[in-house]
Amino acid sequence: MAVRTYLQAISDGLREEMRSDERVFVMGEDVGAFGGAFKVTDGLLEEFGAARVRDTPIAEAGIVGTAVGAALAGLRPVCEMQFGDFVACGFDQLVNVAGKMHYRLGLAVPLTVRLPVGGGFSGGPFHSQNPEAWFMHAPGLKVVAPSTPADAKGLLAAAIRDPNPVIFLEHKHLYRRVKGEVPEAALPTPMTARIARPGEDLSVFAYGAMVHTALEAVSELEADVEVVDLRSLVPLDEEAILASVRKTSKALVLDEANATCAAGAQVAALIADRAFEDLDGPVRRLATPDVPIPFSPPLEQAVLPGTTRVKEAIRELLDY
Amino acid sequence: MAVRTYLQAISDGLREEMRSDERVFVMGEDVGAFGGAFKVTDGLLEEFGAARVRDTPIAEAGIVGTAVGAALAGLRPVCEMQFGDFVACGFDQLVNVAGKMHYRLGLAVPLTVRLPVGGGFSGGPFHSQNPEAWFMHAPGLKVVAPSTPADAKGLLAAAIRDPNPVIFLEHKHLYRRVKGEVPEAALPTPMTARIARPGEDLSVFAYGAMVHTALEAVSELEADVEVVDLRSLVPLDEEAILASVRKTSKALVLDEANATCAAGAQVAALIADRAFEDLDGPVRRLATPDVPIPFSPPLEQAVLPGTTRVKEAIRELLDY
Amino acid sequence: MESFDRRAGELLSDDDRVGLLRQMLLMRAVEERGNALYKQGKIPGSFYDGRGQEAVSVGATWALSGADPVCSPLIRDLGAHLVKGTDLTQIFQHYMGRENALSHGREGNVHFGDKGVGVVGMVSMLPDMMVVATGLAMAYRMRAEQRCALTFFGDGATSRGDWHEAMNWAGLDRLPVIFLMECNQLAYSTPSARQFARDPIERAAAYGVHATTVDGNDVEAVFVAAHDARERALAGDGPTLIEAQTFRMHGHGAHDDARYVDPGLIAEWAARDPIDRYSARLTERGLDVTGLAEDVAAEVAEAVAVALTAPMPDPATATEGVFCTSAPAGEQLGRGAERWSGFAAMAQRLPSAAAA
Amino acid sequence: MESFDRRAGELLSDDDRVGLLRQMLLMRAVEERGNALYKQGKIPGSFYDGRGQEAVSVGATWALSGADPVCSPLIRDLGAHLVKGTDLTQIFQHYMGRENALSHGREGNVHFGDKGVGVVGMVSMLPDMMVVATGLAMAYRMRAEQRCALTFFGDGATSRGDWHEAMNWAGLDRLPVIFLMECNQLAYSTPSARQFARDPIERAAAYGVHATTVDGNDVEAVFVAAHDARERALAGDGPTLIEAQTFRMHGHGAHDDARYVDPGLIAEWAARDPIDRYSARLTERGLDVTGLAEDVAAEVAEAVAVALTAPMPDPATATEGVFCTSAPAGEQLGRGAERWSGFAAMAQRLPSAAAA
């Protein structure tokens, strides 16, 4: 096992899938010689050539839509949005074309869309968004959100090999900040939740960057808190969520996305419906309020959930 | 008070706003001489002329984006999407341009987008969707969903007079099916919830067509069930929701939209967080499962929540 | 307009001609029956047809090889499905929302596809499928396959951004795709004059897209234009935009009486009916086409009779198939019927290829 | 390219000329200081500049009346903000994420607007604001106001669907809008040749949009093109697409060393620097422009000094203002500075209008 950053792990995963399956190719703005805005595709052009590492025009509907066509023709496109925010420009092709194709017509659309998402570095309202809930609310799309290098690589392999359109959320703030052991072999990670830290007294549910926020918060507390890394949002590992709540009887659901109708709302609603009898307290949520992500550091810090607020919420709920 | 259909009430509301405020104009595909796909704008061209009743090209981004420009210039555009489903093609302009303008730059965008939504008449996967949750998860957009003719007219007036972009959901299945008394005067309806039927033993939360499904179900039961018509999804009348649960201690949340991350998930999560102590049972949800809306009647009926399933859910929860 | 007559003479056999007429008759017969079934309440939702535009989808699809997909026929383009060889009975079952192999009741109207014959069903959002067709062409180019994709769209659909993204993308990469613009002068109630200031065909060259305008009510002209576009695509010379000038003879859908259309215009175009014109031409040419309409009627009647016995889908299946659960083995789009006699002639010259 | 020199001679006074140079110098000085502040860690996030492209935004905006909005300047178009009259200190406070009147810390980079002077801030999604500018023009047409809107976008942005929807819409309704395409030959790392097969300017006429190409490093040429486009717009003759040929002299942003750009190309374009060229031209013309750079430097230094004393925004305000809580009274976009001497001359001829 080698120690890799989150970003390197995504790069590795992409390279290995391209090596082992010649149907796999990448496309996006500046992904070729430039290696992508975040350098995830750096070096791929040299190894695989311009036919499989395709610079595209600035056309997000074009990127998603042509990828659907290529997928129907038997290829396995991996699209990069330069920032996850721009997926709004390819939204219709994703939700109406890619997502409904199999249900309507029995045609599989094996397609991966990589979305660099998330805030925390003064990206402002158009370079910090977490759009996953839109796609969770669009039938036919899978949505995964790794938090560790190993899962980033493994879930990317799983996404690329999946016969369905998969939205792959990669959190920009983890790219170079998070390092970890990553298996050399290209093992796909199952689209299930993972216990990031076991505990008995309270469960924190999170995904992506918020897993680290949760772990950091818990590490600063004297309490036996479980942290569940959801990893996959569609499919959502409902059994793992319910099992954790059954054990701890208390749930805090974390989200970096805007609060209303977020992934966390779905998780909380699930718990309230199906684990009600196991609950010893309210299902607490912590998320970014419903505001565009502001640019200025003190404002951004004020809206994104941070360890201080997570600790407070955990303490309050433990005392409940 | 005159008795009007839901559709007539929307027409009336539009006409009255256009009469009383010359800044108000409508735009959309076939809204002029043809009067709109559902005839909501019928007769407006004759009364107000082609400058204020504008047929547009088939260009949803164009419709939303030019409306934003017109709003900035001091007008009050009311856009019609021919079917709510096509709003996906104007999604980016709504969430990134219209929704964030005031927070970022202090510019108001008084803009109404009318979305004929909902299923129940074999419209199939592209003419039956309920997209409200996408917009609830996009800060800066208001979202309203009337269920009665009076509220359809009143909320349309409220939407048009609001200085913000408002998504106005009009349920196609209510257009001609629902009739009711509508005040002559153009009184805006507040963006708050309404008790559609008071009760003591259980609260059903619904909006749009599901309010009628809920009322019908309740009328067939011997039970004292409260039906809360949310009417506005953004802002969401949290106090009214919590007050109802405090009274009844049991909550069923209904949604015609796909279940995951739906409006109902948000309502359920709210209750689980803030009314936990008042609950005497799980927060139950009933929604369309995460599938595109199928065309064939037995399939469509199998996925849309109907009175039978609502009754079952109520009974189960009452017996809990 | 270019002269297509001479080229048609070179390319089409008499069998082709009878075949073209037959498919147009079939399209009309299916849609007439469809309208009747709709009015009888046997088709739920709504019903859309392409009356008067039969030459467009039939003529263009006739030029495709078995491996060239249509992605996608739109609501006026039933002929593309028929030429490719989709089963009539299944089509009627699909229309009526009964259990069927094309959509299993999940879709209605002309929103079906038949992957077995290489037809991808449309989505309603216009013209999204142009972009998908461009992606198919991109894949063929990447794999150096001698195939091209055909996509249809209306004059109205040209106003949307996806039209532009597809045109630009295909022109940039010189992709083997045929863009067939069906200029029926209306988009629902909106005349083309309220859709664009200048005919989109004028923009084609400035996208690097070859362009040609044809009489869309002349099935041979449409065939020739599509044939030549396909040749160009396979030769690596990039995409073609074909503008087929035609007219929508019915309302937008069965619910629409189209009273907004000038009756004079309808009469004018009725005189140019593609089926009447072509029947007369073939008769003049000495071909006996008298029995065709009856044949076709019988075929339709039989298909409907069987379809009417098909059950409705099982409600228990309503939530199945949102996701694909097993990876498709190889390419999902099969080979459709190969109608043009030129393919058979080529195959005879190349016996080994024919065997493959 | 058309001959702009003669027209510039007719239209521009010497005051205009000095003003144009001054604004270009100002843009460069602000951006140089911005890059330095970024490297010092005083500007969070990233920083983008328009070095070498100053003539485009300065020249075009100079042609606008006070009531003509810019919607929107993009990341290379700081000059539009400066010409319209946005306060320098506020700009630096905005860049540094301090409390400021333009965005209150909610935005960064060139993503600011100043409604008081009629500038709508950009959104990142390219080229969304073209559509919004088209909507402004639609409103002016509806109210029969003598105003037009100016919008900027890059060569890369022309590939997106919204470009098309705006072009088509404006052409169809002959709207008073100026589309300024800033052809700096790159989109991030992607050269124009990978963006389109043919220059988008070639499509303009087929949208019903007048088109013209100018030397984007010649501020007078850009001014004349914008001036004429505005006249055309106000006369009811519809939109104009102006293509300004220029070159991006820095990386895409401060983080980008642009090593993918051929150094020969950079040297070639450096020799055509719009500021150096124009300084030389004005000196040749006998105008004394020696003190301008110093003036501008002092202005910038002072603005920065003040900005550095501004507080960061109060975190408690972070969630305020998502919604507007009171209806705006009348039009929100105010009047910007009116720079072109022609407006003053007209006002003198029409004293009553000037008083209004």
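Note that the chains take the letters A, B, C and D in the order they are written out, and that residue 1 is the start of every chain.
Criterion: a residue touches a chain if its C-beta (ideal position, glycine included) is under 8 Å from a C-beta of that chain, and two chains touch if they have at least 3 such contacts.
A quick note: this is a predicted structure, and the numbers were derived from the prediction, not measured.
Farthest chain from chain C, judged by C-alpha centroids: D.
With each centre defined as the average position of its C-alpha atoms, the distance from chain A to chain D rounds to 37 Å.
Here the CA centre of chain B is 40 Å from the CA centre of chain D.
Multi-chain contact residues of chain C (touching two or more other chains) are listed as 103, 106-107, 111, 123-125, 159-162, 165, 168-169, 172, 194-196, 322.
Of all residues in chain A, those that touch two or more other chains are 57, 59, 61-62, 85, 88-89, 92, 96, 100, 103-104, 125-126, 139-140, 290-292, 294. Taken as a graph of touching chains, this assembly is fully connected, with contact between every pair of chains. Per the touch definition, chain C reaches chain B in the complex via residues 44-45, 97-98, 103, 105-109, 111, 123-126, 156-157, 159-162, 187-190, 194-196, 260, 312-319, 322. Of all residues in chain A, those touching chain D in their complex are 29-30, 33-34, 37, 55, 57-62, 82-83, 85-86, 88-89, 121-127, 289-292, 294-303. Chain contact summary for the complex, chain C toward chain D: residues 159-165, 168-169, 171-172, 174, 194-200, 202-203, 205-208.
Those residues of chain A whose C-beta lies close enough to touch chain C in the complex are 25, 51-52, 56-57, 59, 61-62, 64-75, 92-93, 96-97, 100, 102-110, 139-140, 142, 161, 163-164. Taken in their complex, chain D has these residues touching chain B: 71, 102-104, 106-107, 111-113, 115, 120-121, 123-125, 128-129, 131-140, 142-143, 149, 161-162, 165-166, 168-169, 172, 321-328, 330-333.
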